[in-house]
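Next up, some structures in structure tokens.
Two complexes, one shared chain (subunit A), two partners (subunit B, subunit C).
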Partner chain A sequence: MADFIKNVKGFFNKIGSAIKKFFWDIRRRINNVKRRIGNFLDKHNLNFASKFPGWAKALIYLSPALIVLAIFTFYPIINSFALVVYQNYNMTNDTITGYTIFGNFLTVITDDSFIVPASHTGSSAVINTLIIVFISVPISVLLALFIAAALNSIKPLKNFFQTIYFLPYVTNTIAIGLVFAYMFKAEGGLVNQFLSLFGMNTENLSWVESGAVFWRSMFVLIFYSIWSSLAFKIMVFLTSIQGIDKQYYQAAAIDATPRNRIFSKITVPLISPMIFYILVTSVIGAFKIYNAIVALFGVSGQPAGVDYNLQSIVMYIYKFIDGSNAGNLSVAAAGSLILFAIILVLTLVQMQVSKKRVHY
Partner chain B sequence: MDKNLFLKSNKIEKITLVFDFLALAFYIFAFFALFNMLALPEVVDGHMQLDTLQFMLPIYNLLNVTFDKYAMNTMITLDMLFMLVATPMLVTNIKKLKNRTIYEIDSYTASAKFIQGIINLFSLNIVSGVLRIINMFVLVKFVKGYNAKEFFKSIFPAIKAKFKQWTTKKEKIDESKLDEYSISIKKSIRRQTAVSAIRISFTYIFLIVMALIIIIPFYWMVLTSLKDFSGSTSTNPAFFLNISQMNWVNYKVVLTEMNFGLYIKNTVIVAIFSTLGTVITTILAAYAFARIEFKGREVLFSILIMTMMIPGELYIITNFITVSKNGFGWVGMPTGENSYFVAMIIPFITSISYIFFLRQNFKQIPESLYKAARVDGCSDFKYLMRVMVPIASPTIFTITILNIFSSWNAYIWPRIITGVGGLEGQQYWLISNALRDTAFVLDNGRVMYNLQIAASALVTVPLLIVFFMFRKYIMNGIGRSGTKG
Partner chain C sequence: MELRLENLTKIFTNKTGIETTAVDKLDITIESRTLVGLLGPSGCGKSTTLFMIAGLVKPTGGKIFFGEDDVTKLAPEKRGIGLVFQNYALYPHMTVYQNILFPLENMDVPRDEAVQRVKDMANLVGIGNLLDRKPSQLSGGQQQRVAIARALVKKPKVLLLDEPLSNLDARLRLQMREEIKRIQREIGITTIFVTHDQEEAMSISDKMVVLDFGKEQQYDAPQVMYNNPDNLFVAKFLGNPPINTFEAEIKKGYLTINDKKFMKFDIPDGLYDIGMRPENFRVAEEGGFEVDIHNIFHIGRDTMIHFDFNGKNVRALVDSDDIVHDQKKVKLTIKSERIYIFDKETGQVINHG
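Let's turn to the complex of A and B:
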């Protein structure tokens, strides 16, 4: 029996090696031919491959990315400057009635509900956005800083907490936004139930539906935007705190420096470039807030049955592209250029300051 | 140390893992079978009678045993729990078996085996449970040299000794004999311990409160998705659910009647193709920027970096014109002539930030490696595929996962694209659009929050599963990109 198995094994081994040999032979022959062709070309000075210039090779590698970027990134930048000077651009038949330089910007700036509060809702996109920026960014940065410092000071359960704090980063903004809106509803909502534990009268307390006042809806929006933006900041702060040289802390420990002094005199100054970077990126992110509003209050940014509007700058822009009622895209382009200008200024400030100021 | 015992334990563990796998396969099969059996409300004029959903009392029949809705809910919940326990256990055990060395075995390994065996017994996986407990005896013999019989005999004295250890008090030092100096030192030590204990407990309380704020929306989402309609709209919602009250049928309604099966399929298609495109173009471009010398490389790269700060809204306006009738004609054409998938995938098959991220990684690979490969006659492409990609594979993997996440969460571009198409466009909704725009309403206009939240859970849970599987890659990627950015 054992003999038989040995025979069978040997047989298969033979077949295997024969197949291997066959392919190796083919490969060897191809390589031979290649070498001969190469020699021939070298002899007659025809070998272009060796003279292939660097940029041509680079072009081959870059072309897939560059073609897509040219069509969907570079062209739109140029085209939006073209769109801004069109008057009454009609998307369906690609026609315009004339040219204007500042007309579209003026339309945006004087438009109802962009800067000037609209007459029927009493709220404007810019003011809404500024409220969100000025309240949510400082709170979330400070909170993230405290959480990162607290996380850095503990050993057990550190990974566990880190994982939990990271969860909002990997979730769908719309899905969790719907859950948040539901949690603040009067029917089936958790928040009202929680507040009634403290003896508050939550009979007709509504946050995101008819009967809610502006600041209550705004509170929900700011709460959600802080909740969802915290993860990234904690992560970045934690990595930079862990990157601080341990010697500073050891020196402080020898001097018996109190904890709060260590935090304010060592930790914060040493990660100040990162704090400033996060501050600017989160201001930019807050200026571009859109998905959270859509998730909480619907596409129009207006909770059902209230007389105010919570739309942001980006929401104002998207109103012109919205689905079937394609409106005046020139005005949208003007709005997005204004947004771009704001972001550009912030970025330049960040670059300048991080070059000079922020250090200990 | 008896090596044979170690090998025997490993052998038993291997057999156990086979049974674990079979059990997991059975759980998954049972879940699908039971989920398939769930009765839906009847359809009248192509419209499901959703208001009857919570009052239905269907009778199920499985292998000649009849049971009602509540028994069915209990069975599915338990099956789900078993799956939740068995999957991570199988994965970690396979990993451990691969890396386990003879020096790592101690009494904790044995007790861990025992606990796992008990969990197996509870989750109706009797063979694995028995095998694990046998394995525990083998490990006990390996560590302590006891037989099974001696082991049982040794339990009681061990507990007694432990109990004695707890009950005997520490000897008190008579403070009257100490001098003043050591008393003061003692006091200050005591004060310091108290202060640090208070500080640590405050830190933990703060962290726990924040963690609760983070975690409660997820818990509330899963809980609400399993409630029935009246439970989800009551003004005094329950914070816990009995397992027989968990209505798994909500998910079935969302998947079939609300068409979420189709939307998930659409999203997976878009995610796969755009990620494939992104990875290929990104690797090639990052290689060109990192290794190939050509004129204007730095200029081109800094132009790319500068475009990163331009807001996406600026692109979307023109891109919408580009893909619609007057451009490529992918959308906005008469019904039947549109290619929505192309319009949703092509603009996103490359990403400047990932090129930047990957280029940084490629740059860290020493240049001498490239020179050596060139001397050996390795072409550029071969070098990229054989050397660069394997070395940078963790980064590429991170890029893949992050890109899949961002396509899974894409909202505004798909909304604009499918919004043009009216009813036809609705067939191409991605999940985020479907979540926002599907009407989860009853005939009387009330919103069925339990179904809406079930759809949200359906969108969120796959993300969480992928996150927990590849936690290290994702968190490292974010941390690094943040510090460099």
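Let's turn to the complex of A and C:
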């Protein structure tokens, strides 16, 4: 039996080395051909590559990425600057009635569901978005920080918890949204059943359906966006905490430093570049919130039968492309430039604040 | 404060259950206000011993006493120790001032006194003008001083230094070891100093412990240990250039080298390991033991000559004036108390102590 196993192993080893030899020879041949081509080009002075200046070579190597970026990023950005000066742009027949500088911006700003809450919407896109940004981002960053620190300090079941916290990251947003909508159903929903365990009257207590008051729907939305964004933040924080030299903690232990001071004086400052990075990216991400709202409340951003609207700025912009008043791309462009300006200003503010607080 | 280790043992067990004894039944008493060097090759358990004294590593067995108090089970922060790490572990986001102040922030010290203590300590270690800098703006030697100041500012009972000079260049190392000695003298604190550099340990320590495989080999003052090594390991570990060792027989009371009588010894006949330090050889005017020189290296003041003793290459460090260039033969003498005879089985010294 042992002999048989030996023979089988030997057989597979032979096959393995034959395959390796085969690829080795192929690489040798290819290298030979390359060398010959190179020699030929050098001989006949045809080697153009070596005559290109450095920047031209760089451009050639970068061109695949640059072309993709140009089509899908640079062109749309430039185009939105162009679109914003058109008056009454009509998408279907590509006509305009004139040019304007501030006209489209004025249209957006004075639109009764963008900044100023209209009577039939109860809330506006900007207010909704700001609420989401300024509540969900700080909470999720702080929460992620604490969870990462806690995960780092436990030993048993560490990998298990890491997996659990990381699950939302690999799950589809829309799927999670549907599950959330189901959990928060008024009748038979998990949350209401849970609340009734504590003796709360959950009859007709609706969260995402008709009868849900603004703050209840908003709570579900914020809860959802915090939870779904937590995974990535925890992962980043945990990795950076694990990268901190253990000796800092040993030194702190010898100096009788309490846990909370170790956290605030050593852990947080040492990972502050990462915290700053997460803060900036999640503020930008939260400003661009879209599919979370669609998943929970549908494309209208409005739970059925309520007198308010939960649409975000991006949803507002999107309506001009594929919504009730589709076609006026100039207004959409103006809306996205306003969003861009808000994000830019906030990021600059964050960078200014971070100069004192972030230790590289 | 006196520090006592009793039967201190540390056994590490890895994932497959294999046990490694890092520190083996260490019994050492360190007198108050002395500087003791823990010396040994890498992996001999010297840092583990230090971390056990600090409380960062839990001993498997044995006890640690600070004075009369058993601190074996005490948490590090309750032991009253100052620890300087190998790479200093200065908090990079804090200034020098904040770094030194940090230990005091956790203690019951009035603010004015704390600030004064930071300033005094900074002046003592010679960095009083650098308090506003960040650690990254300091040189290695300056970082080292900050680390010492941070360890000392809370007035610990024991100062522990874990290979504190290994990250410094050679010149700075010399300067810093004098500096550490001065600071230790000035404060009069019981200090334990871990190093693998025998020269460093010998120059700085009041007494030193040589460890090998977690076992104490010898505990003595440096010069005593150098002149009277307890065993072959200590003899080999101390000294640069290292001691010459070779096998030799004692026949009829005479140490026999190269089939000639070398010197009389009152030791039973048999085969022994012999140790002779290169610098203990002298060139003899008359008499002495003639050897054939293989090689001569002139190194300034001294000259190193190579020759064979019982088939082993032996080095002798002699005065340059006594050797002429490409000399073939020389007569050497060595004092009998500078010859170390070790038991072949146990490695223990036979003719000393």
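To be clear about the criterion, the second predicted complex is superposed on the first by the 277 of 360 C-alpha atoms of A that agree within 3 Å, B and C clash if a C-alpha of one lies under 4 Å from a C-alpha of the other, contacts with A are read in each partner's own complex, and residues count from 1 in each chain.
Definition applied: a contact is a pair of C-beta atoms (placed from the backbone, for glycine too) under 8 Å apart; a residue touches a chain by one contact, two chains touch by 3 or more.
Everything numeric here is computed off the predicted structure, so don't read it as measured data.
**Q** State whether subunit B and subunit C clash or fit side by side on subunit A once the two structures are superposed.
**A** They fit side by side.
**Q** On subunit A, which partner's contacts cover more residues, subunit B's or subunit C's?
**A** B
**Q** So, does A:I266 touch the first partner subunit B, the second partner subunit C, both, or neither?
**A** The second partner, subunit C, only.
**Q** Is A:F232 contacted by the first partner subunit B, the second partner subunit C, both or neither?
**A** first
**Q** Contacts for A:D245 in the overlay, against subunit B (first) and subunit C (second): which applies, first, second, both or neither?
**A** So A:D245 only meets subunit C here.
**Q** Name the contact category of A:T257: first (subunit B only), second (subunit C only), both, or neither.
**A** second
**Q** Would you give the minimum C-alpha distance from subunit B to subunit C, in Å, for the three-chain superposition?
**A** 6
**Q** Show me the subunit A residues, by the header's touch rule, that subunit B contacts in one structure and subunit C contacts in the other.
**A** Overlap of subunit B and subunit C footprints on subunit A: empty.
**Q** Provide the residue numbers of subunit A that touch subunit B in the complex, in ascending order.
**A** Of all residues in subunit A, those touching subunit B are 53-55, 57-58, 61-62, 64-66, 68-69, 71-77, 79-80, 83, 91-92, 94, 143, 146-147, 150-151, 153-154, 157, 161-176, 178-180, 182-183, 185-190, 192-193, 227, 230, 232, 235-236, 238-240, 243, 259, 274, 277, 281, 284, 288, 290-291, 294-295, 298-299, 314, 317-318, 320-324, 326, 329, 332-333, 335-337, 339-340, 343-344, 347.
**Q** Can you list the subunit A residues touching subunit C in their complex?
**A** The touching residues are 245, 247-248, 250-258, 261, 265-266, 269-270, 272, 359.
**Q** Mind listing the subunit C positions that touch subunit A in their complex?
**A** 54-56, 75-78, 81-83, 85, 87, 89, 91-94, 102-103, 105-107, 150, 154
**Q** Per the contact definition, I'd like the list of subunit B residues that touch subunit A in the complex.
**A** Touching subunit A: residues 199-200, 203-204, 206-207, 210-211, 213-218, 220-221, 224, 231-237, 239, 280-282, 284-285, 287-289, 292-297, 304, 307, 309-322, 324-326, 346-347, 349-350, 352, 355, 380, 405, 408-409, 411-412, 415-416, 419-420, 422, 431-432, 435-437, 449, 452-453, 455-457, 459-460, 463-464, 466-467, 471, 474-475, 478-480, 482-483, 485 of subunit B.
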